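What follows is a pair of complexes built around chain A, which joins chain B in one and chain C in the other.
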Partner chain A sequence: MNRAASLLVAGLLLASPAATAGDLVVIANAGSGVDKLTREEAVNIFMGRYKKLPSGIAALPVDESGEKAAFYKALVGKELPEIHSYWARLVFSGQGSPPRQMESAAEVIETIVNNKGAIGYIDKKKLSSRVKVVLELAQ
Partner chain B sequence: MKRGMNAIRRRVHALCLSAFLFPLGVHADGLKPESALSFSGFGTAGMTRNSTGGAEFIRDILQPHGVASGWSGNTDSRLGLQVSVRPTAEIEGVVQAVSYYNYASSYRPELTWAFVSYAPNPGWKARAGRLGWDVYMLSDSRNVGYSYLWVRPPVDYFGQLQISHIDGADVVVKHELGGGLASAKLYGGRADQKVPSPPSPDYDLAGTRVVGANLDYQKGEWLFRAGYTTVDIENELPAFVPLLAALRATGLPSAAALAAELSLADKTLEIVSLGAVYEHGPWQSQLMFNRLTSDTLAYPRKDSGYFLLGYRTGQWTPFVTLSGTRSEAVQPRGTGLPTPNPLDSAVAASLASAQSRQRTLSLGVRYDFMRNMDLKIQIDQVRVIDNAAFLWRDPQPGWNGRATVFSIALDFVF
Partner chain C sequence: MASLFHTSIAARSTAVILAIVGLVGIVFLSIAIALTERQAGADQQARLNELLETVQRTASIACFLSDRQLADEVALGLISNRTVGAVTVYAGGERIAHRGRTPAAGAASAKPPEPLVRNVVSPFDRGDIVGQIALVPDAAEIRNNVLAATRFISLLLAVQMVFTGAAVVAVVIRFITRPISRISARLHELRAETGQKLEIPRGSETDEIGQLVRDVNAMVDYLVSILGEERGLRLLHEIEEKKFRTIFEHADTGIFLLDESGRMISWNPAFAQFFGLPEPSASQGLPSMFADLLGEHRDEGAMLISRCVVERKSTGQDFRLGGAPGLPKRWVSVVLSPVEDNRIQGVVNDVTERKRAEEAAQELAVTDRLTSLGNRLAFERRLERMIDASSRAPVRRFVLLMMDLDWFKQVNDSYGHHAGDEVLVVVARRLENAVRKSDFVGRLGGDEFVVLLDGVHDRESVERIASKIISAVGEPIAITGGMRANVGASVGAAVFDGGTATKDDLIRRADEAMYQAKQSGRNRYRFYEDTVSL
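Now for the complex of A and B:
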């Protein structure tokens, strides 16, 4: 039921002419047990502070190269050099590694479909009904 | 170093073995690790100019010589290499070595990190091996120029740290709390480093034990930290040895008691630190404070702090930092011998050498001109009020304690 509903919502979003150019959606696996993510939770996951989904499973964040700059600008108000600088500190003080880097929305969707804890972001216009939107970020 | 290299080799063998034992792609989540073995690195090519010939400017007290009235590439230049292995989602091994101008005036690489970590779930992580000393915010990533705005972390604050890494373990527990994220870290280990103390022989930190805890709270644009650490010192400072022996040899109980108070061996330092970081859009600021106390006259109570404010505009981030350190004035102590006598003067000199007081105003800009690289320019206006010998090398008698330090640095990560 939940899954069907989310598929319906995703389908509607995909078809919706109201989807403004460049809006980003944070997407998760349909079986992740997560319907909604707060901005703070998304920050914790993508900034590597606390990689846990609200449903309790370990989060596996992925970046999409084409949308990365827009995503971090919208999420934390930072430019890419600041994000890379931030990760340099964490990586070289043994505190973990940045999200996996993906080249396209299709690759992000494929990864999310195949991994329960995977979480990523894509242009709203490229949304697939195989994944679930958990947070929308207007630019 | 041979020992260090052997340690690296042993670790690398162990890590290769563990990669073998945990073949790729067998862990529960089904997402294959990005790569089981990854190489990365960081570095800084820096040039530093000190306006004064009155004393040599150093980045931290691990440097045996600094720069006076001229340029030097030694102060800030460094290169670090890191290998990490992630055989499963829960286990990671990291080895890092850094080459910088060290206590022995050489660039011989030093093993800075070598640990295996285990994170059974997102809320727990334990690490064992060689770990950077996380005594206060940013102290375990001082070498990574690309990770901060300055050419170097404020000398008044970070330059006093004798220990950069410990051989031991730490545990971090994270928990969501009040809409934010709380984390607690416990760590302990032994130091294994040498600190120059010219003109005396190097001070050996081997055997010194460190135990500490940090509490962090992160919410929205704010990050707060409170930390507490104790350092149980093992060895005597070589510069003190002849004086302590002479005091004890007097046979006077008052002189022997003074020797006991002055000595460093088997004494304990306590460091309490508080920090706040605020980052909002183009703004970033940090306010840090720490207080060091001890049960030896060699380390009078000392307060240090800094404030950083930076504002990004496009690829440029100008910043300003105010930092300072100030130790409590030590009361003159007598040996009980009839005065004047050389021992009393030597004690007075030792007490004076333990104090320090200075402040710095730094202005600079970081230019992120391309991916994974930045260029920085910084000017430090330093004013030494008391005992330049602590954070400078070879201060000349009569130096007025003022210096302007100009630095340019290129940072990179790969």
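Now for the complex of A and C:
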């Protein structure tokens, strides 16, 4: 997908009345080889089931502390404490680790730009053209 | 134990009730075991479901991630529960964890229970099945639970049996055995004839035992009354018997019993006195014949007995007893009656008095009142008898003298009838003195006398006697008033020679000869002329 198209999409999204404040987008590195993720793929990656992206690159999911609660609510319908307890169990068994924690959307973007397999989420309004939107989550 | 079963109501009831309780208990126990088994199975199922519910979340995550470590945690957690025999976790089509318990010894052969399989869904999408958990219940645990439950029920049952048995024993002893034992003991000591009654055991007044006691008392009353009646009857009977015995012992009548052959069986004192026998009590070894007691009438007695036996009716006869030494001569009347058992009952009465009276009457009939000589009847009888005897023994002859007084009419006329009577009496005595004692002297009436000379057979004797009579009668007779009377005698003699002459013939002949004597000058005798054969 080229940049123009992306922008177009973004513009469309911005312009659309549905794209109200708070909508989240799942973003990935432009070179990740992934254009679109289904919701299930997103869940599997973020909840640690899949270690790799559909393109075969090792997945590196990251959380953005500001949008974390909204994101998991939108993605799997769960509150943050549940998510934390889920990860606590996995950490205890030593089998998996939660996404890396980021403090801001900029940091998320930076991480994604710098890592091919990185995948994260930000407020749609803070979208940067340096990253690729692979899934949009309506609030 | 067996004997106790038969002799003790308490033991028997207890055994029977325990057997029933035990049987029912076993039935209930087996039902309970079946129910418990099913219940235990269901309980385990529920518990397994609960367990699964508990590990649901972790299992869901483990399956979601195919996390063997986490799955093993789940399996370990589950297997730690004793109801779980084995746990297997599947994810993505492969087994990611398995935990099993080593089956207890002996349970290996048992068929393993059906495993409980449950789908595991994704923690994030309930519609997404990410794996399965299979749980196998622990058979041993089920068995243990059932066993424990069974043991408990059995214990309860045993306790119930013990208490039931004890209760039955107590109740039976208290309400049945002990009252019955008491009644029995009292029955042993009961003096029913004194009117004693059984007491109804306390508390049993209205129940069956009370009824039993009342019935026993009623029966005792009945028996005692019957006994009393019986005793009264016996007493009455004894009195009667005594009365008869007294009559038998003290009667003047001789009573005796004979067998058919005439042998004496028993007799009373009066009988013994009649025949000079020992007292009946001392009669052992003396079963003499009755007929022998009659002495010279022995044969008549035997005849009487046989007549009684043959004709089967009462027969009687009078006997003149010659008298045993020291016993007076007497007449007895013997009556024999056939009685049962082919015996003869006899009665002996002393009829001596009656016989004497009869003889006296008889004597009176043949005696001349005035002179006490035989009268015409006596004379005729004697004459008949002598004719009879002579016809049987022809050598025996006799002579009939008929005498008429001379000048008797003058005595009567001169001195009166009384004087005449006195003369007749004196003449009678002189006649008697003139002949032998065995000769018959009679007065036919008025001044007519007869003399029968038995066995005289020569004319001289007759003439001598006739002369003696004439001279005796011719002697003067002293009569009342100092007078003397003189009479004479004309005698006619007729000899019976064993021919065909009858009584009347003889009388006529003697009468004729006497008439001739009177014709030829009185105070003399004449023979009937035809009787020259003397």
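Everything that follows uses one rule, which is that the second predicted complex is superposed on the first by the 121 of 139 C-alpha atoms of A that agree within 3 Å, B and C clash if a C-alpha of one lies under 4 Å from a C-alpha of the other, contacts with A are read in each partner's own complex, and residues count from 1 in each chain.
Note that in this section contacts are C-beta pairs under 8 Å (C-beta built on N, C-alpha and C of every residue); 3 or more make two chains touch, one makes a residue touch a chain.
Nothing here was measured: the structure is a model prediction, and the numbers come from that model.
Bringing the complexes onto one copy of chain A puts chain B in a clash with chain C. Contacts of A:G94 after superposition: both chain B and chain C are touched.
Using the contact criterion defined above for the overlaid structures, shared-chain residue A:L137 touches neither chain B nor chain C, since it reaches no partner. Chain A is touched at more residues by one of its partners, and among chain B and chain C that partner is B. Judged by the touch definition given at the top, the superposed model places A:K116 against chain B, while chain C stays out of reach. In the superposition on chain A, contact of A:A58 is made with chain B only, not with chain C.
Within the superposed three-chain model, A:G48 lies in touch with chain C and out of touch with chain B [touch as defined at top]. Once chain A of one complex is fitted onto chain A of the other, the partner contacts of A:Y86 extend to both chain B and chain C.
Shared-chain residue A:A70: touches no atom of chain B or chain C. Chain A residues 40, 49, 76-78, 86, 89, 93-94 lie at the interface with chain B in one structure and with chain C in the other.
Those residues of chain A lying in contact with chain C across their complex are 40, 43, 47-49, 76-78, 86, 89-90, 93-96. Residues of chain B touching chain A in their complex: 29-31, 34, 40, 42, 80, 82, 84, 86, 89, 94, 96, 113, 115, 117, 121-123, 127, 131-132, 134, 138, 140-141, 143-144, 146-148, 174, 176, 179-181, 218-220, 279-282, 312, 315, 368, 371-372, 374, 413.
Taken in their complex, chain A has these residues touching chain B: 40, 44, 49-52, 58-60, 76-82, 84-86, 88-89, 91-94, 97, 100-101, 111, 114-118. Contacts from chain C toward chain A in the complex involve residues 58, 61, 64-65, 67, 69-70, 73, 123-125.
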